[in-house]
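Take a look at the structures listed below.
Two complexes, one shared chain (chain A), two partners (chain B, chain C).
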Partner chain A sequence: MTAKEFYTRMGDGKRVTMTREKIMDDLQAGAADAADMGAIPQISDDDLERLADIICDPNRAVSVEPGNEVVLTYDIGQLDFTGDNGNSGAGVDMGRLEAALLHERALGSDTFELAHSDYSIKPVKPVIAMEMQTMEEIQQEIIIPYFYGAMPNMGLYYAPDGPYGNPADLMREFKIDESMEQSEKAASHLARDIEYVGNKIYAASADGFDFDTIASAGDADFVGSLNGIEALRKANPQMYINSGMSGESVMGIHGAIEYKGNVVAGMFPHQQVKMCEMAGANVFGAVCNTNTSKSLAWNMGRAVTFVKECVKQASIPVHCDLGMGVGGIPMFETPPVDAVTRCSKAMVEIAHVDGV
Partner chain B sequence: MDVAHFMASSMGGIRTAGDMVARMEYAKNMKIGPAKEYVAKKLGISTLDIADEHIMRELREEMKLGVVTGVPNAPRGIAAKMNLEKLLDIKINSCEKFRQSLRS
Partner chain C sequence: MVAYKVPGILAAVDAARAAKMPANAIIDAMGDGMTEVGVLFERGRLFLPHVLSAAAGMTKAMEVLEPEMKAAGGEAQAKKASVVMGTVEGDVHDIGKSICSTMLQCAGFDVHDLGRDVPKQAFIDECKNGCTMCGMSALMTTTMTVQKDVIEMLKAEGIRDKVVVMVGGAPVTQAYADKIGADIYGESASETTSKVKDL
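And now, the complex of A and B:
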């Protein structure tokens, strides 16, 4: 007799069928990979069985049990409506006020944010007065916490887009010391820009600042962002600060740069969260990137292992990043609903996150 | 994807008390359990009820906390947030800035 097969997904979103035994094998392998990489405990056999139950549920969409609901936060602001497919945007032009209120009143958002179309700290500086006016206007109407959101995106500070030498080019020429020096200068510049933009937008009534994809340009990007957050916290003790990461591991492009005596290169979510706590963030956005060649089970087992340990060690709330290609969700611009709801439930009920 | 997360695991924003729980996480660094308990206690209902649309729709209108449907004369925006400040015993930045803009 052939073993029963269940519909599931690959990390690129493609639908496949797998037996429960194969799903369990992949869950164990993904969890073991995270435990090995992060030097953290593996999730329990009971957790693995519960994850298998979630994946093998015969219904297309699954959900948490009543009473287990968590906070739903958003990044990228209105660009999910107005942006192009590079942002998984729907390409529908509309005002930022309308987009914010639609998220509040039609999409069940517990928080939302204002965003510039380039969604990075650096390009906001020249248009900060416009952003302040829009923030003030929308705050008159909206009820849910309304942030300003942007990526630190330190890559914009390197040649050819910015004033500092590009570390990748310099390292190719074996100019290692110069590469490290340029990263440090870019990190200081980023911190100054975060402080400038953050203080201005908070003065314009923002509830706070959502940092999206911290450390996307590596360890110096992480340190620059942390120093920026620290400056904002010092100036604005009541500001809501969300620190969302870009990957499960901080890339060591500098390799030795430190935050408060800690080398940040190679840090995993349970270590990243401690840095964000020290800087003064209120909420940490944990990330685990999806491997498109592996199954949903492998990616989910791996992501839940990383995030569960992070939640355990965190003193602040942890919201798991559950967008395209993170948190076990397939790397695809329209992620299948069956996969999204399974990852959502798994992160809430197994990893015990405080929000998604 | 927004709708998938909303259906799978979220509180529902101002359909329920999701905005209030979010405010306690950000304003006081409360984790989800204590944040829900805090909000439930302030509203005088259970932690299960604060995510129940049937209970929260009426309660929000009664307590003037802002409602998800278009109701003429119901407080929204700054007015609703000022009522939330009193209920939750927190300060909200946009309300502070609004007060600062008024002539004394």
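And now, the complex of A and C:
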């Protein structure tokens, strides 16, 4: 008699079937990889069994048990509605007010954000007056906490988009010191822009700021963002600041840049969260990247291991980033609901995140 | 043990030469060291500047060792293949591709990095001018299709079978690489480099 097989996914979203034994093997391997990479403890055998139960659940969608509900929020503002299928959205054209109210009143969002379609700090600068006006208008109608959201996206400060030399080009010419210097200058510039945009939008009645994909340009991007958050906290003690990361590990493009005496390159979520705490963030957005060549079980075991340790070490709430290609979820334009709900349940009930 | 700082590498090479270690053995040992640096980079223990520094140290050491090897009757190390790299037209995401270019350069390939938002024809022109490998990165679902366009253009030019095509980027998967007829899919810069070296 052949062993029972369960429908599950690969990291690219492909439907596959696996036995529970194979699912357990992949969960263990993924968890072991995270423990090795992050030098953190493995999750327990009991946790692995519970993850296997979640994956093997016969229902297409799963959910948390009553009482385990957590805060739900969305990033990129209206873009999940207005973007088309080629851009991870629903292709439904609407204004930012309508999108905000739909998230509040139809999608059960506990917080939401205003976002510019060019979703980065730098391009928001020249249109900040318009963003302030829109923020004020939407705040007249929305009830849930309403933030402003943008990516630090420090890549925009490097040539050819910005005034500083591109580290990638400089390093290929072995100009390593010059590359580091340019990164540091770009980080200072980013921090100033964060302070400018953040203070302006907060003055226009934003409840807070959601930093999306911090450190996407590497370690100097992380330091620039942390310095920007620190400046915002100092100026606005009541401001709600969500610091969402871009990846499970901070890329060492500079390699030695520090925040408060800590080299940030190579930091994993449980270390990243401590930096965000020191900077004054209220919430940390943990990210774990999906490997498209591995199974959902492997990716889930790995993501839960990273995030559980992060939650354990955090002194502020941790909201897990769960979407296309992160949090164990397959890298797929429209992430399959079976995988999204399983990863969400695992993050809430095993990793004990405070929000999604 | 590996070293990535140039003075340390040169000091180690000097010590090996003083101990009468043959030049080709020193070069082999440095090659092993670079592989270890790549592994440490992959594991997040070393970072890009460290990889570059190690490569710079190896390049400087080779300036001394290659003449010695030739004098001893050996042959200079053959240059590896020329690779054109770029982020496809319409896409401005640069970092992953740049890391991959750097890793390939450190592995001894002649890398022609065209940057980002690279016109399709520019990849074709480089392949017609001697590049035998073509690496394309795309970070968006809206631009990953350009990788397929370039493969079709290589076919139309009659040079597809002369070029190894490698694709990567966040939305790109092995299944997609197979579907569009690419030769190599790289989950990461290190994996891509490793696959290219194994060809």
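Simple rule for what comes next: the second predicted complex is superposed on the first by the 352 of 356 C-alpha atoms of A that agree within 3 Å, B and C clash if a C-alpha of one lies under 4 Å from a C-alpha of the other, contacts with A are read in each partner's own complex, and residues count from 1 in each chain.
Everything that follows uses one rule, which is that a contact is a pair of C-beta atoms (placed from the backbone, for glycine too) under 8 Å apart; a residue touches a chain by one contact, two chains touch by 3 or more.
What you see is a predicted model; the values in this text were computed from it and never measured.
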{"item": "Chain A as common anchor, with chain B and chain C clashing or fitting", "value": "fit"}
{"item": "Angle, in degrees and to the nearest 10, that opens at chain A between the C-alpha centres of chain B and chain C", "value": "170"}
{"item": "Touched partner set for A:2, first chain B, second chain C, both or neither", "value": "neither"}
{"item": "First (chain B), second (chain C), both or neither touched by A:70", "value": "first"}
{"item": "Chain B or chain C, by number of chain A residues touched", "value": "B"}
{"item": "Which of chain B and chain C A:155 touches, first, second, both or neither", "value": "second"}
{"item": "Partner chain(s) touched by A:266 [first = chain B, second = chain C, both, neither]", "value": "second"}
{"item": "First (chain B), second (chain C), both or neither touched by A:207", "value": "first"}
{"item": "Which superposed partner A:323 touches (first chain B, second chain C, both, neither)", "value": "first"}
{"item": "Distance of closest approach, chain C and chain B, by C-alpha atoms in Å", "value": "17"}
{"item": "Residues of chain A that lie at the interface with chain B and also at the interface with chain C", "value": "88"}
{"item": "Contact footprint of chain B on chain A as seen in their complex", "value": "61-64, 66-74, 80, 88, 103-105, 107-111, 136, 139-146, 202-208, 238-242, 282-283, 315-317, 322-324, 334-335, 337, 340-341, 344-345, 347-348, 353-356"}
{"item": "Residues of chain C defined as touching chain A within the complex", "value": "43-50, 52-53, 55-56, 59, 92-95, 98-99, 101-102, 105, 111, 113, 115, 140-142, 170-171, 173-176, 187"}
{"item": "Interfacial residue positions of chain B with respect to chain A in the complex", "value": "1-15, 18-19, 21-23, 25-27, 29-32, 35, 47-48, 51, 65-66, 68-69, 76-78, 80-81, 84, 91-94, 97-98"}
{"item": "For the chain A and chain C complex, residues of the former touching the latter", "value": "11-12, 14, 36-37, 86-88, 155, 160-161, 166, 168-169, 171-172, 174, 176, 179-180, 216-219, 249, 251-256, 265-266, 268, 291-293, 325, 331, 333"}
